[in-house]
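Sharing a structure here in structure tokens format.
Lettered A, B, C and D in written order, each chain numbered from 1.
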Amino acid sequence: MIVVIKPHTPPDLIAEVIAEVEKLGYTAHTISGALQTVVAAIGDETTHTTLESLNALPQVERVMPVQKRYKLVSRESHPEPTVIDVDGVPVGGSAFAVIAGPCSVESEEQLLTTAHAVKAAGATLLRGGAYKPRTSPYEFQGLGQEGLRLLRLARQETGLKIVTELLSEYDADLVAGTADVLQIGARNSQNFRLLIAAAKTGKPILLKRGLSQRIEEWLLSAEYILSAGNPNVMLCERGIRTFETYTRNTLDLAAVAVAKRESHLPVIVDPSQGCGRADLVPSLCAGAVALGADGLIIEVHPNPAEALSDGQQQVDFKSFGRLMDSLNPFLKVMGRTGKA
Amino acid sequence: MIVVIKPHTPPDLIAEVIAEVEKLGYTAHTISGALQTVVAAIGDETTHTTLESLNALPQVERVMPVQKRYKLVSRESHPEPTVIDVDGVPVGGSAFAVIAGPCSVESEEQLLTTAHAVKAAGATLLRGGAYKPRTSPYEFQGLGQEGLRLLRLARQETGLKIVTELLSEYDADLVAGTADVLQIGARNSQNFRLLIAAAKTGKPILLKRGLSQRIEEWLLSAEYILSAGNPNVMLCERGIRTFETYTRNTLDLAAVAVAKRESHLPVIVDPSQGCGRADLVPSLCAGAVALGADGLIIEVHPNPAEALSDGQQQVDFKSFGRLMDSLNPFLKVMGRTGKA
Amino acid sequence: MIVVIKPHTPPDLIAEVIAEVEKLGYTAHTISGALQTVVAAIGDETTHTTLESLNALPQVERVMPVQKRYKLVSRESHPEPTVIDVDGVPVGGSAFAVIAGPCSVESEEQLLTTAHAVKAAGATLLRGGAYKPRTSPYEFQGLGQEGLRLLRLARQETGLKIVTELLSEYDADLVAGTADVLQIGARNSQNFRLLIAAAKTGKPILLKRGLSQRIEEWLLSAEYILSAGNPNVMLCERGIRTFETYTRNTLDLAAVAVAKRESHLPVIVDPSQGCGRADLVPSLCAGAVALGADGLIIEVHPNPAEALSDGQQQVDFKSFGRLMDSLNPFLKVMGRTGKA
Amino acid sequence: MIVVIKPHTPPDLIAEVIAEVEKLGYTAHTISGALQTVVAAIGDETTHTTLESLNALPQVERVMPVQKRYKLVSRESHPEPTVIDVDGVPVGGSAFAVIAGPCSVESEEQLLTTAHAVKAAGATLLRGGAYKPRTSPYEFQGLGQEGLRLLRLARQETGLKIVTELLSEYDADLVAGTADVLQIGARNSQNFRLLIAAAKTGKPILLKRGLSQRIEEWLLSAEYILSAGNPNVMLCERGIRTFETYTRNTLDLAAVAVAKRESHLPVIVDPSQGCGRADLVPSLCAGAVALGADGLIIEVHPNPAEALSDGQQQVDFKSFGRLMDSLNPFLKVMGRTGKA
């Protein structure tokens, strides 16, 4: 860490800073600049206590960390890309994964027709929420266990692997009993206890980025899962919250490139949540492929106008088929396989 | 709801919208404007399915809700301000509550000296985290049950009521066994299952606003707690995430005035998290009082430079004493009581 | 416009709203809903005074505009894409434009070697700032008229068309005497007088989106230029300001798709400003092409580490050549021409 | 500056960085840490070229500036608060200034009745826009020179000093011929040429913070004015753009405390723009006083519902009178004078 001392600080107050730095186990190295002194604190920042509390001293202007805070998820620790085996379906590396299905599981007919349609178009994993986190307590909260049953039925009928959201620590084993991949939603991206509970099921985890989570913090949320013993994390960029109102969120496609540079984990893009408008989904999918995403998670519904949640961002079967066809040439340019 | 139809839409496609509106149980009322048609959908928006899914129809330009989505927390449903009884200490109404204490419980000595100091200065509730949500898994995660024991000890010695954070559904009964007020942190503000678990303990709840939670969404998180049968919610503004980097967060003091206008619940301000810098805390406290806040939650530590978490935003005992004295004249102007 | 009346408003206060609506020239149409009344105000919102001031009435809860505020830039007014003729180089339609060159014009050697390098790699327009808007008055402000002279020299030597920034109304004719395209920077995107002065030169204009400009506002800035008689506007997405700190800005690639849907104007993407890091530029370029951008503006410098401004986001000649080659297959998929 | 080298960089590539640092005139000082090397570059950062371009080198992980970039506006350079003399009315120090008046000058009657009303309530400066920056070209753009004439008339009749906005370099002398204080609007806060043109008139300047301007950047905009020879700048916090939609902007009241700590310039708060809702203005005014603001700029209109611009945020005469009365006890606590 670098501790910047305020200009015109007398030597005894600089000595006080140095003493604190050394008390906390770092080696202090003082550099007197033209106008200001900085104290470089040498030591492993991930194992020592942070020095940021030194900001509490009036003679300290700023404390600047030097090292990265994540280790297990970093490219440095694991230069090769991680390929996750979802019960036979690879995610990451040269494989490109398309996860598709309804926002919420609403009924047997809705789910099964969608599962068959997305499979026919080339998806290999089926999404569908049985437990739904809704902003208002008066909105549809999902079918719960009946939803899980329908997801198992859909897998049995189509062979598609199941991606579904975990909302509660209490449900971890229950949901993991059905899911091939546990999804952690954006609103729970820093619900650290849920991350750990999910990790412990041993299932692969799709970790959505929080609404206003910095990339570093998102990687640290993944670090919670890896450090709890589960290496199978897919990062999922799903749009961040900004001032823009035309789109529901601002899809941060640069974050895909950043996450792939900083980490070995596969990165999935959610264009449906990312913009909240079905008409923009195909363009965003193409952009995500070209930017190097390892997969997409796309909301598909037989009749979006009557969906019980987020109909405005779900595409219908015909649009989904066209969308999948339109991605093929981009996947080819990127050297990607994995789509039927 | 108001459904705005795109310009130049032929009558049969307008009829299709009207049919959907009525299928979902609303009465449709069509208004043909100069350039565009709008369909007003008459019906209670909090009990009917939302029409936002109609955005999926290509002839629909926009769907605009008319009604507010929260009921139990609204001023309309409960014009008088709610006063919460925290085991004899009132929060809300004319009473002004000062919650003070360390960010984390670190040791018996740290907690007890702080408890005595904040009591002497006029605080009536003691804060202190036994379970800490930390961005990185390598940071101090709190003392856990030992922290709870120390909080009970501090209450016994000082009579201060205890405010401490609940991180996990599993711990709800355990933490409620010690806490007089359960705190829900900003990162869990839309962890709806945790909100419900907290509600069911029957303890008053301090609900922090999420990092990028709109005021409407914050009130809806409170609505989850009230609709689960617990009316004792204190809203807590603790700064939102913006582009500014000088401060850790941007304290949204206007949100205090908005929340008190929209809701009957008391509103507490957290200036410590709100700016992340001890030197700004006194000014923000004064501003919060003048803006009508019902209380403050302030981080206080015997030696902030050596704090195990967030030392930079904790004030020491002497500063806290001065701060409390400086608030007296503002409290008097506001006609507030409750500080010793 | 839709004027939402608060619940429980007595009829005389509703009548007051209706009277104001009609006084301002609209036809009022009242709809009594389950809980609330709304007044639909019928009339052309772009020629009538806005009703938003009615929010000043205590019985009004909200005023919601219905119509779009932009006309000349809208797709509705001009369904075909605009193709701008930059002195023989087309921008828009099937043509894809690559604008490349240094952030600032620094010297004859720097500019001419760069011009030759970017031309060899396939760019058709040369960028370079002679007048630089800098956050601090102590930073390099550009070479001014000498910079303009060097840009003319570069055009003469390479045939590349010149894109350079206009900072001041006073300089409009001077800069237009050199520029083939006038650039309006992000910080001037709502400097309406500069927009009008630029429009009046008759030169095509590259209009950058402001740091926190909503898409609607960006289109309205373009509307200023079109309504001042200049139809040749290229919209330029260059990243918006968010909470993320890994990248300098957050490139909003969805805005490309939105702008092309809402408007007939060509849309250019600036990945250099968009992320502020040279290493991310190639991925963002590929994404921009796949998302339907009509061109790119890329910062290129012979030795970025010694650049007088923004070296961290400029690519060197070798990287630029590789980048251009890597875009070819994406351009082919998109059916784009225009690159050598 | 501190240049952080990536882990595992071989010595020759570190030497390359050191060579660049020294080539740019700094003295390099190398510190080898546990995992990483940092190069401290010693030299005055405000007179040397920035090293941020070194980020272009692949072995550089990050460049961190140490010094502050503003000098003339800093508290360090000028420990006493600046008191600006606006033709006899002091702004700053113990004086508290209330600037009030309509958003736009609309007519003689509107302006004069407002001027008399705000004077009677205790304001000492009159605001009113003759040139209005409007998001859409179809909105009311102000009365121009006729508006200036009316402002002069209002000053003659009431003695109130005039605060009015400068939109264009071309108008600098014209507007300065009427104004006692030139206002620079949020959308022009980084229109550096306008800042310089305004500075050169010699009139005091009210500099609004940009919609998404960091505090450091706002101070640097002020630095442009001071370094152009005009020391009379009032900083004006007017709300920043965030994701919140209930209020038009998010008033950053902490920025008042920060600006007063970092700079000697007076800080004015604009609650009208800051929230965009007249009903919140009184609370925000009280908060601003308690937080240490040196003045307020408040929009007042005889009939806000019929205002030609921003009626929703303007208060009427009666509300303004009550508001002014309500501020008195807060001003007394703060030891402020200046209100009648």
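One rule holds in what follows: a residue touches a chain if its C-beta (ideal position, glycine included) is under 8 Å from a C-beta of that chain, and two chains touch if they have at least 3 such contacts.
As the structure is a computational prediction, the values presented were derived from the model and not from experiment.
Where the centre means the average of the CA atoms, what chain is farthest from subunit A?
Most remote chain from subunit A, centroid-wise, comes out as D.
Pick the pair with more C-beta contacts: A-D or C-D?
Of the two interfaces, A-D and C-D, more C-beta pairs touch across C-D.
Measuring centre to centre with CA averages, how many angstrom lie between subunit B and subunit D?
Those two chain centres are 30 Å apart.
From the mean C-alpha coordinate of subunit C to that of subunit D, what's the distance rounded to whole Å?
Result: the chain centres lie 25 Å from each other.
Indicate the whole-number Å distance between the mean C-alpha point of subunit A and the mean C-alpha point of subunit D.
38
Multi-chain contacts in subunit B: which residues touch at least two other chains?
Subunit B, residues with two or more chain partners: 212, 241-243, 245, 279.
Applying the document's contact rule, which stretches of subunit D touch subunit A when the two form their complex?
2, 4, 7, 29, 31-36, 38, 40, 42-44, 64, 66-67, 76, 212, 241-243, 245
Please output the residues of subunit A touching subunit C within their complex, sorted ascending.
212, 214-216, 240, 242-247, 250-258, 261, 274-275, 279-280, 283-284, 286-292, 329-330, 333
Quick one: which bits of subunit D touch subunit C in the complex? Just the residue numbers, please.
20, 23-24, 46-47, 49-50, 52-58, 63, 69-70, 133-140, 167-170, 187-188, 190-194, 210-212, 217, 220, 223-224, 227-228, 241, 277-279, 304-312, 314
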